[in-house]
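Each of the two complexes below includes subunit A, the first together with subunit B, the second together with subunit C.
For the complex of A and B:
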């Protein structure tokens, strides 16, 4: 008897589960429909190009189409890594990004702390508004701003500053030795406001009780910063830094292509993987080289993102990890 | 202590003022050089205190060249259409992802998120948009590729929905018989104004400031150049001149090239709307990016 009723109950469950599931699907259908347009866009704009990575392993013959073209194995890659460019662009991409990460983080945190210490609310607002300005303009306009400063004939630095000191004008756009500094300064100028606001938001959220306790313990302002502020910022620092490390194989194409004005003499020191891919694809029309460099970037970049996330989990715990 | 705090405040404010000046200075230089007399520019270079001002650059720009006016129209068109479509798709994507009870939610979130981790890069994208989905040399080149839906923004928005809209409110509306589209339109969106304002600014900016799509896909159709693409093109003309390719070509470019002042005037016109609109969004913007980016 009892076994029979259990069996009946089980059957009932199976019967009701099915329509329920269907019912739930119908009820959720509008939600799936909402998701659809964006999903289709991502399919076209992101997922289909992913399959195009096979181009790097082929010698593309447009008459046959990509799929039917002949496989050439790794020859595009051996060709790429034989050139000195491969080393150059990897070094540039990594070193620029490292200096952006280190300097950018230190500067953004310093300014955020400073901003937080200012008591006047109105001034705080004004500063926030102003330091975000450079973040909002296009890198093309930034190139014009840099040109207005550095142009050898009409630039502000040659004509006003160097003249005031009686120094000789410098031909900025042909002297590679200045460019690592220029690019780092320009990049940090453009983005520090944004990072600063992110850190500042964390600072505002810190419980005031910690500071009061620190003051009672006799901590001065500097000690408060070291023992309360910085530890509270740590999760944000870890997250933002690791996100940046995950993207260390990518660079802002505009910064490295536009700001140096595509200048030949500067190429060795200003070209990164992104500018290299662009130049070999569009200027040189070399599909093999550009797709090989692109795949190199995609794969190594992907591994770095995974590594970065894995190390956040190890260091900062699950809740700080990106996924 | 009070005395010390006062001197600290003065110090901190001085540093912030210097920083603010560094942020503004290039813009001021840009605006002043666009208002400087051309011969003065050639003689003394870009300067904060030119001895002779003139509006010639702006007059010339609007009188003699409808290239700039049409570029402006194209920028506005692509920004409005792109931002409208992009914002709608982003909201529609983020809302289902914010619903904890939706079956398959994790897989959907991963589908969006994965595009941030891995990408096909420029080469396959370029080939697809030029050979298969032929947007090149049409207005769609400025609207469709790369900008419309950004996984990061979708996740930012989803985070905002999950943290700011109580599930109970949605549940109550559903019990009252409201459909999902109605819930989204009449309950969720009005409660998300700061995030929507931020998103409008972010997507709008990415369209307004975009020059890459023009550089990649508009090589044969200069009539569709937007302001940024035009600026980019003129920048490259300067470069061609400077590298001293061959004298004849350089001279030809020099003859058709807008003069030094006009370039700066066009840059001003390209950047001015951003500077004007931004203060209105600023209040929401700071709130929006901090909510979405730190927690997301």
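For the complex of A and C:
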């Protein structure tokens, strides 16, 4: 009996396996089709351009074409390491992004919780809109908003605030020491609204039963936040942070290029890899050298992502890692 | 209901912003290619095929060339008319149409670099403020030797080989200098009216210190006026040194009027330190536009708005007289550094054929026409007679051309094709003279100035940068950080210069100077 049923089962498996596979394909066809445009985009936008990596190892001559240009080994990379440029731009990119991640997350969560505490629906909507608005402003406009504040001639800070305190005006665009703060403030002001909405969406989804139970147990507002809200937010925080870490070696080009207004004396502090690559291309007009900086970015970025993922696996377990 | 609409709106906003964060909308707008090139139709070309076979200069098919140069940044409606008029001539002669692009000073280097490295939107252009030699060696420019022999005999006649040879890189020709001022004195242009109002005797000013005193008077008496305005972050480009190569970065120069052939680091020289110190003091005293480092405006904008007294500039004979017809606020000039002729003055602006062009021969034919045909040259420089300008004195100029001025009812602000940046156009010397302030032998006077100015000891020498390319790249990044800002007075030279020079040393400026000296010595030995 048992052998018979086992055989039957086996036959069933064999019989169903084939159509099952085909059936699964047909059933999933819409999903494959949905996947297709994205995959094509990825291929065109990310994979095909990767062939451009060879430019970094060539002395590009446009009349010969990229493929026929002479190979020059690593010589395009030497200028990066001749000065402190490579160190500077790596440090800037990493430290800025790190502070964006930490401060951005803390502020976004704080505001999301505050937003959640507002009971008036109308006020809630007003605040949400106000918070999100900076995210929608073009960075070029933002750079002029900043200029309106910092300009030595007409700037609000020099002419109104510092004057009111009797302080000397500051030449903001030639003093590198202020810029780490300025850039962090501008960036967070601009993007926290977006993260905030994501966190808020999670908050809204938390079951009210938990809060009711907490209230019955005698928890005050603060305790509710610490023991109910934050733990419920944790998965969202981890996902968003990991995604940010994955991009830690890429910088917001607009922020670092437009907001300091291309001011030479600030470059040590405001140059990131992306702006450096662009500037090399514009001022040096050398495709090989600017590509070299780009390749450097890719390699170090790749290593960092692997490291971040590895450490998340170690600390937070498999299920929290990106891959 | 309202809530639902709001929800939909918010969702839309979210998706939009998600899409928006994909691309960074911040890169400067690439190559503002002027409107479609098919402006004038090629109605005749098909019927004239038999004619094309006879005339060997005609292209077999109608070719459209993109020509790029610098002018005021304003959109100008007259450009299409000028294109049409130029096409009428060029189509008959060569079966070529042109599409004119004018880019503003502030973004000229950036936009032309992008054009050259993408190979799009340009066939023929003025290479200015971009590293010409590296453009040439990377194939972004088209070699001209064969073309000029074949189609450019007129150019050879106009410029002469001496000047043409200045455009050689590793022995090959990639660019042609123009018929313009090839030496420069340095000085200050100022508002005549403002000087008069403050009883300033500008003619008595001979030194920077004298000028500083005058500027202080302006600062005190005039409200909301900057004594010194700055163009796109650049206050002074040269103060009597020979840059021996790229005039924007000055790596290894001959200082103090270039009469000593020892190559030195400009940024360590007394000359530079004094200049930067003066500028710093002026900035502290409020004499220089406060946001000088960041400004993307040109000084002439501020001058015209009446919010600036003057600006530093390189000068040539009748600089003021040439510019004044275009200005509401008339200017005068004072010379502070006498005229100096250097190789880089000859090569600072060169007309080149883009390496990516599909029609190098047509480009050379048109270039030859621009250098030799006054009719085409005048159209390009000044627009259309009767529409943009009128003739004041026909045939009065010593080259047989006319003295012209704005057409009736037009002025610098209302014209649709403004004469600006003509110095960068191929050959002014064959064309009209704008305005009655200039003498009729103005072009001859400019030529005399070119020939009679003090010559740098390295005049004619051009530096081959290939051996030190890496050092130059590294040093260029350093210079870009400090140089312009120092000469705007935005940085304290006491603190900045040591740091600046240390970074230059780390980046290898000494290797560049040694190499330059060796090449210069070899060249000098050859000359002797």
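FYI, the second predicted complex is superposed on the first by the 251 of 323 C-alpha atoms of A that agree within 3 Å, B and C clash if a C-alpha of one lies under 4 Å from a C-alpha of the other, contacts with A are read in each partner's own complex, and residues count from 1 in each chain.
The rule we apply is simple: a residue touches a chain if its C-beta (ideal position, glycine included) is under 8 Å from a C-beta of that chain, and two chains touch if they have at least 3 such contacts.
Values in this document were obtained by computation on a predicted structure and should not be read as measured data.
A.B. asks: Touching A:138, do we find subunit B (first), subunit C (second), both, or neither?
C.D. replies: A:138: touches subunit B and subunit C.
A.B. asks: First (subunit B), second (subunit C), both or neither: which does A:283 touch?
C.D. replies: So A:283 only meets subunit C here.
A.B. asks: Per the contact definition in the header, classify A:223: touching subunit B only (first), subunit C only (second), both, or neither.
C.D. replies: neither
A.B. asks: Between subunit B and subunit C, whom does A:38 touch in the aligned arrangement: first, second, both, or neither?
C.D. replies: first
A.B. asks: Of the two partner chains, subunit B (first) and subunit C (second), which one does A:264 touch, if any: first, second, both, or neither?
C.D. replies: A:264 sits against subunit B and subunit C alike.
A.B. asks: A:53 contacts which: subunit B (first), subunit C (second), both, neither?
C.D. replies: After superposition on chain A, A:53 lies in contact with subunit B alone.
A.B. asks: Now for A:20: first (subunit B), second (subunit C), both, or neither, which partner does it touch?
C.D. replies: neither
A.B. asks: Tell me which touches more residues of subunit A here: subunit C or subunit B.
C.D. replies: B
A.B. asks: What is the contact status of A:85 with respect to subunit B (first) and subunit C (second): first, second, both, or neither?
C.D. replies: After superposition on chain A, A:85 lies in contact with subunit C alone.
A.B. asks: Output check: A:173 vs subunit B and subunit C. Expected answer is one of first, second, both, neither. What do you get?
C.D. replies: After superposition on chain A, A:173 lies in contact with both partners, subunit B and subunit C.
A.B. asks: Show me the subunit A residues, by the header's touch rule, that subunit B contacts in one structure and subunit C contacts in the other.
C.D. replies: 62, 128, 132, 136, 138-140, 147, 151, 153, 173, 194, 197, 253-254, 258, 261-264, 278, 281-282, 287
A.B. asks: Under the touch definition given earlier, write down the residues of subunit A that touch subunit B in their complex.
C.D. replies: 24-25, 28, 30-32, 34-35, 37-39, 41-42, 44-53, 55-56, 62, 66, 111, 114-115, 117-120, 123, 126-134, 136-141, 143-149, 151, 153-156, 158-160, 173, 189, 193-194, 197-198, 200-202, 221, 236, 239, 253-254, 258, 261-264, 274, 277-278, 281-282, 287, 290-291, 294-295, 297-298, 301-302, 305-306, 323
A.B. asks: Going by the contact rule set out above, which residues of subunit C touch subunit A in the complex?
C.D. replies: Against subunit A, the touching part of subunit C is residues 6, 10, 13-14, 16-17, 20, 24-27, 109-110, 113-114, 116-117, 119, 130-131, 134-135, 137-140, 142, 233, 289-291, 293-294, 355-356, 470-471, 473-474, 476-478, 480-485, 490-491, 496, 503, 506-508.
A.B. asks: Within their complex, state which residues of subunit A touch subunit C.
C.D. replies: 59-64, 75, 78-79, 82-85, 125, 128, 132, 135-136, 138-140, 147, 151-153, 171, 173-174, 194, 197, 252-254, 257-258, 261-265, 267-268, 278-287, 289
A.B. asks: Report the residues of subunit B in contact with subunit A in the complex, numbered from low to high.
C.D. replies: Subunit B residues touching subunit A: 8-9, 12-13, 15-16, 19-20, 22-24, 26-27, 29-30, 33, 41-42, 44-48, 88-90, 92-93, 95-97, 99, 102-103, 108, 111-113, 115, 117-128, 131, 133, 144-146, 148-149, 151, 154, 179-181, 184, 205, 208-212, 216, 219, 228, 231-232, 235-236, 238-239, 242-243, 260, 263-264, 267, 270-271, 274-275, 278-279, 282, 285-286, 289-290, 293-294.
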